[in-house]
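Paired with chain B in one complex and with chain C in the other, chain A is shared by the two complexes that follow.
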Partner chain A sequence: MKRISFAAFDLLKEAVARKWIVAVSVLITLMLLTLAFFLRLDVVDGALAASRFFGRDMGSDIRAVDIELKPLFQAAGGLLFYSCLILGAFITADFAPGLLSPGRIEHTLSLPVKRWELLTGMFSGVLILVLLGCMYAAGGFTVILGIKTGYWTSAPVVTGLLAVAAFCAVYGPMLAVAVFFRSSAVSGAAGGLIISLGIMASYRAEMAGMFQPGTGRWIFEILTAPFPRIVKLSTFAMNLDYAVSTDWLELVRLIAGHILFGSAALIVGILGFDKKDF
Partner chain B sequence: MKAIEASGLYKTYSGFFRRKGGRALDGVDLKVDAGTAFGLIGLNGAGKTTFIKTVLDVVKPDKGSIRILGGRPEDIQTRMRTGYLPERLEMPGAWTPRSFLRSICRFRGVRDFEDQIRFRLSQVGLAPEAGHRIRTFSKGMKRRLGVAAALTGSPELIVLDEPTDGIDPIGRLEVRRILEQEKKRGATIFINSHLLTETERFCDRIGIIHNGRIKREGSMKELCGDVDRWRAAFEKGSDEELIRKQGFEKETDSDDWIFVTSSLEDLNRALDSARAGGALLSGLRPDLKQLDEILAEVAGGEE
Partner chain C sequence: MKKKNVIWIALAVLMFAAATWLMSSGRKAPENTGKQISFPRRLKPDEYRRMKARQRQLMLRMVAGRSDEMQEGSQSAVYDPMLVALSVSEQRDTMLIFETAELAGSPVVRMLINCMPEESVQDLNRLKEETGIDPFENLERAAVTGDMMLLEGDFEAARWENIFDEYKSENYGDSGVIHRPPGGGDGGKATETYAVWNNEMLIRAQDEESSRKVIDLLEGREEYGGSVFEPEDTYGQIYGRIAVEDALNFFPDTDDDMAARFSQAVDSIGFHLDATEDVALVADMSGQQPEMTRDVASSLGGALSLARMKARAEGQEDLAEFLDFARIDPDEGSFSMELALPIEYIRERLGECAGE
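Our next item is the complex of A and B:
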């Protein structure tokens, strides 16, 4: 465990020096500053006295603040969730190939650390990095909206956590692919492919109808079955506070499915890494 | 105790995806005594780096066994006692030497790591650059940092692949001095180097690897064989005819005189006679084969 944390720490230390990480941090900060200084919301006794977003009159009656803010929270949740996946895959694509690059990995492997610990450390480091990014964005959003409206909710933070669970399913295959190919382009492409297949898998029931019953449909269902249902998880993430009755069991199954998928890919990566010559 | 014990090591790389295939190790047997300096030499592609990587479990052998410091290469405890400088070491450019060595100290479980880092950096002459980013370093500076990294934690076995590559002559002397200190401390030093003179000077024993096999192995004396040729130099103006009469042959491309014998008595007798005749001896040394000649002989014999 100690050595896994050393590997994760080294990855984080290296990550903070990367320009992309700095750029995304600046971007999140700018978005939060925009919300803090330019979002015009006036709240009276827990309701929006004048329903205006960015100064635009919503033209509706006075409503409870949580109802009024629903579109804002939903949009922010969706933005956070998919930014985490897409930006996360883009930014972290070169981490593992960099650490596994010739001249670097030989030295790392000679240190007192087992190969599985090294790879698990990289995986954990990336997840921690993405978690920190999500929490910064979600936490900032919650605080700014909370101060402005008096409406405090943990939904954005929970959305951030769900996004990290989803990213686990994306980064596991990216890391496994990096072990075999040591290319950031291939690793990034693997992330993009998993996101696409995850979106497709979310609609597999609807899409299955497009195939003729029998072998074709069966093959489609088999092929899409293992992939995480990313859209379903994102729908949960965006409607946490508003779902009339959240199907908690389904949510737990979805989270477990994403984590399991990522972990399975990590295990494939570890098995390949363990046998690989550098 | 043996620091390295390799027996029947075979390794063949498959030619899969951009990698050139071929047999890199073809039954390597090698034993290195603890506390000695061992040099592995060979032509490009002879299997030197693959052997080193096998010793450190960076490459998995197809067949054969290897033990280092009495343990298996993949054991954490064994690795705690091993330091390694790869032929081509890439370090995180945004880090400083201090943070790089700190990371190594953490993995190696070095307790007093700030003292250790300070000592190692001053040892390789990088103390003033301790806080600079590695990406600003020259090739030689990176190499010296690599040497410091290999020595961090005072490992019992230090494996160095081309340790002075890219380092200037003064720096090379410094590295050799540091390695001498490590040897005195009791560490085993395993070097793979193209610089044969350096290997010859520093190593107690030398192995010659060719086509994935250890072809010769021994001390310089053992590799060069018995001394049966002597090279003498006489002051200018000495009577050449007299010297020749004692059995010396003048070399065509130098002013040296060659005396062929395995008997010290014969040599001394010839020298005494020449000196008695007025010739002034200014130098005498055994005419041993050079390491490059032996290497060429091994490689040539194989072709």
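Our next item is the complex of A and C:
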């Protein structure tokens, strides 16, 4: 465990030095500051009476603040979830290939750390990095709107956690591919492919109907079955606080499925890593 | 192949299989958007057709100068007889019109009928047999004001002799019949008079004069001063207007300060209730002082929000769910309030008797 933590910490140190991480942090900070300084919300007895953004009237309905802000929370949830997946895949694509690059990997392997520990540490490090980013954005959003309206909800933070679970399913294959190809482009492409297949898998029942019953449909169903249900999880993430009755069992199954998918891909990466002769 | 590798491969395959199983439940994710309620804001195509179907050629005697289009003297044009008849009422600050035929067919009323106790069903059947009027078949529309009630429908089969057996009846005008109460007007006895016009409208008025006035108006012998309710505003299944003091009576717990401010700021309350699917209410309130009206709108929005929070905190989920759809839409010198009860909510509360 200690050696896995060491490998994760090593990756985080590497990440801090990347300009992309700084750029994304600045971007999130700017978005939060914009919300903090330019969003004016007039709340009377728990009802949102007026809202202005950059001085522009954003609608004049007067109703309970949580109901009026529901679309804003849903939009923010969707933005957070998909930004986490897409930006996460883009930014972290070169971490593993960099750490596995010739010259560097030999040095790392000379340290008292096993190969599976090294890869698991890298995997954990990336997830911690994405988790920190999500919590910064979601937490900041929650605090700003909470202070402005008096309405406090954990929904954005939970959305961030679900986004990390989904990213787990994306980064596992990215890391496995990086072991075999040691290319950030190929690793990033694998992430993009998993996101695309994950969206497709979310609609597999509807898409299967487009195939004639028989072998073609059967093959399609078999091929798309293992991929993460990204859209389904994002729908939960965006409606968690608002659904009349959340299907908690289904949500737990989805989270567990995404984490297992990512972990299984990590094991494939570990197998490949073991066979590599550095 | 090394044994260790076999274990790793088996573990990976097992995990992929487990992930596939976990994610393939086929159960649906929650809806992306919340329940959408259709609030009555204007005539829907069906309601426009309904409005047009009710208008017919009537020869009315116009009062001069009410509007540019109206000229003094008898004038034949298309009118809705019930809206014409309502102009006789002198206490019409509160005026409710019920589209009874449509209400009878609405999901919420059907559920309520299904849940009616057997005794009430028997009473209803007895009423139908005795009067010859089936409230669900023959009644089209009902209107109530402070001093008058009108029922409109097909009363050809009505047994008036049973309904008014103790009343003195006499024909009046071309198509009217007046039913006077026994000893009406003498010594403080009841003066409420009933009149039937053209076997399609039953009028209950405070006195005989008002009943005659309605028939005279519809048959062109009484001066018509113009409609008190525009045909274009006849949308929804219950609509009309409520006097501010009557509206406050519906909310006895309203604090005095709020009630006083509301009375000062709001002059009139028009409302429309749609029950074609969910039960959705829009109340339009207007006043002469825009700032005060805006202030009352904000306070009312806050009061609704506080009531919702209080209901939630006290575990009154019924009330909280009802208030979830509460919304105030302020405008210059007026504002409207939306309230709704989703049909699923009503079905759930009524229980099994409501059916599917």
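Assorted remarks:
Everything that follows uses one rule, which is that the second predicted complex is superposed on the first by the 267 of 278 C-alpha atoms of A that agree within 3 Å, B and C clash if a C-alpha of one lies under 4 Å from a C-alpha of the other, contacts with A are read in each partner's own complex, and residues count from 1 in each chain.
Note that a contact is a pair of C-beta atoms (placed from the backbone, for glycine too) under 8 Å apart; a residue touches a chain by one contact, two chains touch by 3 or more.
Everything numeric here is computed off the predicted structure, so don't read it as measured data.
After superposition onto chain A, the partners chain B and chain C occupy separate space and fit alongside each other. By the document's definition of touching, neither partner reaches A:Gly216: not chain B, not chain C.
Counting residues of chain A touched by each partner, chain B versus chain C, the larger count belongs to C. When the two complexes are overlaid on their common chain A, residue A:Lys13 makes contact with chain B while staying clear of chain C. Rounded to the nearest 10, the superposed model shows the Cα centres of chain B and chain C diverging by 180 degrees about the centre of chain A. In the superposed pair of complexes, A:Gly103 makes contact with chain B only, with no contact to chain C.
Shared-chain residue A:Ala205: touches chain C; no touch with chain B.
Within the superposed three-chain model, A:Val113 lies in touch with chain B and out of touch with chain C [touch as defined at top]. With both structures placed on the common chain, the touch criterion links A:Asp247 to chain C but leaves chain B unconnected. Once the two complexes are laid over each other on the shared chain, residue contacts for A:Phe236 go to chain C alone; chain B is not touched.
Looking at the shared chain after the overlay, A:Ala264 reaches chain C, while chain B stays out of its contact range. Distance between chain B and chain C in the overlay is 13 Å (nearest C-alpha pair, rounded to whole angstrom).
For chain C in complex with chain A, the residues that touch the partner chain are 5, 8-9, 11-13, 15-16, 18-27, 29-32, 34, 297-306, 308-309, 323-324, 326-330.
Against chain B, the residues of chain A that register as touching in their complex are 3, 6, 10, 13-14, 17-18, 101-107, 109-114, 275, 277-278. Those residues of chain B that touch chain A in the complex are listed here as 13, 53, 56-60, 74, 76-77, 79-80, 82-86, 88-92, 94-95, 99, 103-104, 106-109, 149, 159.
Touching chain C in their complex are the following residues of chain A: 44-47, 49, 60-65, 67, 70, 74, 201, 205, 225-226, 228-229, 231-233, 235-236, 238-239, 242-244, 246-247, 250, 253-254, 256-258, 260-261, 263-264, 267-268, 270-271, 274.
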